[in-house]
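Reading through the structure tokens given below for one structure.
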């Protein structure tokens, strides 16, 4: 199965990478008052573009659409090569949405406003780049560029232990990505040895016929890089630290976009490139996935800091993506992709909620919270929907992905599916625990606290409008997943074509 | 007598035309030597130096690429011309910011200018030497000028101590190099690199290996690879900061170029000997450099150790022992010189300000006190760390490429781990700049030239990362030039 | 039959309207009216459909839209309208309508009035999605959806810690069942490649016995959770934290019966596996008996009824396990009516007593609220199984059937019948008669409830009286859905399998006609014994709590261990709490500390520390002295050269 | 007994012994004198080998010029009172130095050194003296390094002056 | 030539090592400089020996350059020693160790 290309008549993907970047330059040049509107407009345009692309994307046959290719470093056969298939496209859309939402949300940044928006805009450009790049070096460049603004975002606008968290985030992911780089370079060189072609293009590397042991090695190298980013157990400890310390919008991006890069990498690279190794490592990945699901669910419930709880829940959900991916069948991969989208929405919403709570009550600790529901009904409703979507309630987005992933897994390993399915229970436990501890039990509040509560305001319009898109799409995906699955079906088939044939 | 004459007559008339850049530099140096006696006008001297260097740099383009000249003691090929050019233009940046620094230290010697020019002359000779004698002389001219320059800070004991350490260890290094050259001479009967290659071809024996290893030790000492790096931190710290930039940037570049030329041209056929040798040195440099840098409070010293680590990265490319390796090492050396110079010049610019001690603490809140300079430093730090889209990443990419293509996995892993460790100290600076409140509100007094130079270098670092194709093409040309010289004979 | 889509979506629209605009309008009573209208329309539509299907006995499959396509199977949102779903839908919508009306009165003055009706409407929508589904996924959607609604409604007064806890408990415990249920779905899909009931039924012969058993058991696991059977029953009594209409609607009449409905719906699957039927039977029987014992000694008025719900659900499952699916469904219907009545009655009492729950503190309120008392009495009698109330016609056949099939089951169900009669009349006497234990202040305010509360009571009471006589109608009505020979959608092969599976009850002949049945049980020995047991239970309660001939405390002391066992609900809660709540939480905490903080982060941060330590070590080589430098260089050189001569 | 052999052994013994003197003499003057002795012995070896020009230069440059320089400095710097050698370092360094020596010796002895590749065989040297041959090459073929050497000496001269002169405190 | 060239080489190596030892163990910095001279000179023996063996003169030319460089280093070294002594009033190598770490 060789992918075909449908070259874009207009470099629309490059433009969507450039828009945030140019916006960053404009913000850099102007004063900080216009930073936010410019950012919102820029990300809005990107969101509009990606939505448009989703609508005009032709899901029937697998081909890379809106494809562009320019020479970059001809000495190495490196080029700037962008294009989308459904997987990229949905991820780009998710990225655009997440950034749009974050920008709307970021109203009360007082400190270094310009730098804040510049960091986010550059981050957006890099994130989109990661998802549309088909050249491995370009991919890696975008992949790493993202670290810098994220490091600054956590480190500058974070909370008390931000420095530790930012450094840990940076070094940990840097560690992982270097192994990714080695793997990529190894593939590249092996491709040269076997095919006498110097190219870092995804499609050229797809045709490398690797000997078994090398396949295992390269699989592991790439997997290490992605696993840190996902993060898979036991490489996950940077995530709670980073999430806890990051500012709200940073957490949203971290959860909604950055984590997807790891799983995106697994789906995009590990499966098609290393079909045999994927089969070999299926049990390992299943084990890690199941551990991630159950163990981190336990971690989540042990937390008193609500952001850390949500962070652990992210790891848990990523476990689903892992097992779905490595079920190596259509349902599994479809499930993994849908879970990625859904997790982007739900965790984004949950972090927004955490941010909302912090802005109103100035604490993330459960012992200081509780009993909010009565005072902020609109927020409580949206938060409840997000929580339920995260817990995988049918009708909301979370269920679709989990269902498909479990279905795929079930066909391969019943035990895995049984254990992973436990997340229905443990997942519900920690999400409801979170909700209860923040929203319910007003009677436990002291008199003074109640007095403080009576002043808190419900969602203001910025917050509402950043919350709503996420929630709406939770419903959209949950009630009509067919559209989404049809969109990604051919992509999943392509991803699996070496494994299942066809 | 007649016999001698016949030998000499065969040599022909030397073609001094190809020496124009060197002659310009020498002339300027000698002019300043005289002029300095009559004038105290530093700007004039500085301008003259820059003018001379610029002129020399331009003149490089007018030189016909040719064969060896001066009886085979001087080579004019793409490789030497390009490196000469690079040495000249990077030196200009140092001269440009030299005056304010030396004013602030109140340590003016007119000798600075021509000694720097002499050392640059030495570097130029080094990179265009097809012969161990020329190389040796160029190396020594550079080293001896640098010994003096390090110790030239007035009323500064540390400067003298650093210079003395540099001198003693450098002297020992010279002796070791000489011994290595002697053994190679004994083995092959010639100093000519190509001649050596012809003699050695594939029957390198104990003597040849001994010579080669000693030569490697000596060159490693000059390039400050562990465990022969000991002079580096002390000398770099002791030296006036622009001089540190000269040593850590330009001189390193010349040394790497020389190393590559010697290894490729003279020992191209014995890569199984030198590849592991450089690999061991590279690994040691990466480990020691990065680990120690982690514990430095003084940023200048930290950058020094980082430069040792970078020596490791650069030399690692040689461990692959193939064309990709040369390719990679040349590219990395070329981009590293910008980073290193920019880093040290950054310090030299800030050092002039009251209360700046080069300590990590001083960087706190720099992003608020001077956002543009902080941004430059940010780019430099991430470039040194090897994060795209900076040139540092492209350099490391090349290194990875060469290492993996040669299946030197262990070194690759060492590189990865030490790179990760290096993040510890680079990030510390970035974190201090961006994530702390300023410790003082005092305005920095920086000249426009300093800002422009540092800005230029860091933006260049960024641009070379975004679009490195030109430099890769140049490295490609240089590698071809080298390999062709080696193969042609 | 296209109008059927109105049934689920009418309450849904009501939910949306109230949800979006509920607080914008004058809150009361507009939200209530909208909600009642929504559910009433749906009730009318379902009654029309019911009549339609009663006439024809056919089935309709209405596909609304395609939700998800997996391989070649299309998961759709659709409506399967056959007698079984029509019955269940009618029960849900009709009972809901009355409860909604009751709730408009009950919730009067609550500041979250619109929210309450929004939740209720949502619940009805979900419940209808469940009942009308033609495939397992939609069933699961409704299944979880009612769980959500139940969670929201239990936690309706979320400012109370106990309510918040109960809500969470109910959801999580239900999720345990749902976990099994989902696995059942997965297994079914993996086995059959489809999730539509009808297709599954017809593919049954292709699947192996073990697989079918596994599917049935896993799905039944879901039913255990949802219908609060032992061992996942603990959430239901706690769920009484919700407002009383909720208890009536969700935790008595409809949602908890979803498990029963599901088993009946999938009757062919269960029938195809003896083990599955036996499990259903066993779980049902045990629940019926154990829950009754728990109900004996409770003092909370709503909890007593809740335990009775558990117990009655046990009867239904027992009926299904016995193979008497129609009886089970009939009991479901009758139970929905009289249990709703009982709950609403207790709700009426609570309103009068300002939410005083302890029956030991009530007494002699019957005089002040005659309608409530009267209807409550009717409900109690129905529950106790006294003719001519509907409970008699639905419960007695189950016990009689058990007598014919399995004597052990019979013993327990029979014992349960005694206990049922006893505890419900204990409640009745303590609350409405006995001595006056109310405090003075409350006493003065006891009054009869307003008409919008009493009318539903009266209607339901009437239904309780009359419904039993429609027994024959129901039995015939359900035939096309539950009698394998009359099920048109089954293939012959499946019919054979199902028939074999139901063979355990094939010899049981239970009189369908109500009058005949009444006559039969008043004449047969078995019938008299059962009836006598119920009367004995009532009499015992009368003796102890009304006449005070025997001091209940003394009995309690006499059977101290058993009393304690019952009172502590067989220690289920304690054990679960210890293991699954406290244990899980503590284990998580410990794991977090040991696993994440010490081990994983220990390694991660440890490597950072090692690096720093290494930096300090390496720093020592730079000791500042030339001699040292050169010495180290010497060593380096020596080793370096040696590398080339020794190693090579 | 070949005269050359005798000369070699005696001169080399002197060289080594006085080199040890350089290392171990406590008094720095003695050390410098030992250095002279070593240098002269080495120059003797050069003569012995037939390299007259280098031998002469060795004595001229080293034994006279440089050593005078040393003596000058030593006379400025007062007598050093401390220990001559550091015991710890000598104990540490000796074994390694010995191994290094063995390695160098191994290389020296087992290396296959080529011979007679040049044109300046005995016949040639008989015609033109060693001095003439070396000098001719130095000023023709090796002119460029020679020029560089002159620059180096210039630099060194300047360096010695700049570094050695007293700083005039300017205000 | 009856003396084997290897002897010259070994002698050269021996002097080299002695010079190295000198740098390591001497405490007087002047002695350090002298030891460096010794090292540089030892190389000359090897060069001349090879040169004679090869019947070439390039080696001797190289020796000439080494002599030059040795002289230059000595000059600078002595200048530095003067400067250090002037500032520190000491020539003990153990005291010349302010830069470290």
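Order of writing sets the chain letters: A, B, C, D and E. Residues in each chain are counted from 1.
One rule holds for everything that comes next: a residue touches a chain if its C-beta (ideal position, glycine included) is under 8 Å from a C-beta of that chain, and two chains touch if they have at least 3 such contacts.
Bear in mind the structure is a predicted one, so any value in this text is a computation, not a measurement.
Colleague: If each step moves to a chain the current one touches, what is the fewest number of steps from subunit A to subunit D?
Modeller: The fewest touching-chain steps linking subunit A to subunit D number 2.
Colleague: Give the chains in contact with both subunit A and subunit E, ordered by label.
Modeller: B, C
Colleague: Per-chain Cα mean versus the mean over all protein Cα atoms: which chain has them closest together?
Modeller: Central by C-alpha mean position: chain A.
Colleague: Out of every possible chain pairing, name the one holding the most C-beta contact pairs.
Modeller: Chain pair with the maximum contact count: D-E.
Colleague: Taking mean CA positions as centres, which chain lies farthest from subunit B?
Modeller: C
Colleague: Based on CA centres, what chain would you say lies at the far end from subunit E?
Modeller: Chain C.
Colleague: Counting in whole Å, what is the centre-to-centre distance of subunit A and subunit B, each centre being its mean C-alpha position?
Modeller: Result: the chain centres lie 43 Å from each other.
Colleague: Measuring from the mean C-alpha position of subunit B to the mean C-alpha position of subunit C, what distance in angstrom results?
Modeller: Whole-Å distance between the two chain centres: 79.
Colleague: Express in whole angstrom the distance between the two chain centres, defined as the mean CA positions of subunit A and subunit C.
Modeller: From the centre of subunit A to the centre of subunit C is 37 Å.
Colleague: Using Cα averages as centroids, what's the distance between subunit B and subunit E in whole Å?
Modeller: Roughly 25 Å separates the two chain centres.
Colleague: Quick check on subunit D: which residues sit in contact with 2+ other chains?
Modeller: 86, 89, 92-93, 97, 100, 103-104, 106-108, 111, 113-114, 117-119, 124, 133, 142, 145, 149, 152, 155-156, 159, 162-163 - these are the residues of subunit D that touch more than one other chain.
Colleague: Which subunit E residues reach two or more other chains?
Modeller: If we look for residues of subunit E contacting two or more partner chains, we find 9, 12, 16, 19-20, 23-27, 29, 32-33, 49-51, 53-54, 56, 58, 61, 65, 69, 72-73, 76, 80-81, 83, 94, 96-101.
Colleague: Quick check: what residues of subunit B touch more than one other chain, meaning two or more?
Modeller: 133, 136-137, 140, 144, 147-148, 151, 160, 163-165, 168, 172, 179, 183, 186, 189-190, 206, 209-210, 233-234, 295, 424
Colleague: Strictly by the criterion at the top, what is the full list of touching chain pairs?
Modeller: So the chains that touch one another pair up as A-B, A-C, B-C, B-D, B-E, C-D, C-E, D-E.
Colleague: Note which residues of subunit B are touching subunit E in the complex, please.
Modeller: For this pair, the touching residues of subunit B are 133, 136-137, 140, 144, 147-148, 151, 157-158, 160-165, 167-168, 171-172, 174-175, 178-179, 181-183, 185-186, 189-191, 233-234, 237-238, 295-296, 301.
Colleague: For subunit C, which residues are in contact with subunit D within the complex?
Modeller: These residues of subunit C touch subunit D: 627-628, 631, 634-635, 637-638, 641-642, 645.
Colleague: Considering the complex alone, what residue numbers of subunit D touch subunit E?
Modeller: Residues 2, 4-5, 8, 12, 15-16, 19-20, 22-23, 28, 31-32, 35, 38-39, 42, 45-46, 48-51, 53-54, 57-58, 61-62, 65-66, 69-70, 72-74, 76-77, 80, 82-86, 89-90, 92-94, 97-98, 100-101, 104-105, 107-109, 111, 113-122, 124, 130, 133-134, 137-138, 142, 145-146, 149, 152-153, 155-157, 159-164, 166 of subunit D touch subunit E in their complex.
Colleague: Write out the stretch or stretches of subunit A touching subunit C in their complex.
Modeller: Contacts found on subunit A: 168, 171-172, 234, 236-238, 240, 295, 298-299, 301-303, 330-331, 371, 373-374, 377, 381, 384, 388, 393-395, 399-400, 403-404, 406-407, 410-411, 414, 417-418, 421-422, 424-425, 428-429, 432-433, 436, 439-444, 479-482, 485-486.
Colleague: Quick one: which bits of subunit B touch subunit C in the complex? Just the residue numbers, please.
Modeller: Interface residues on subunit B, with respect to subunit C: 164-165, 168-169, 172, 176, 206, 209-210, 213-214, 217, 221, 226-228, 230-231, 233-234, 273, 276-277, 280, 287-288, 291-295, 421, 424.
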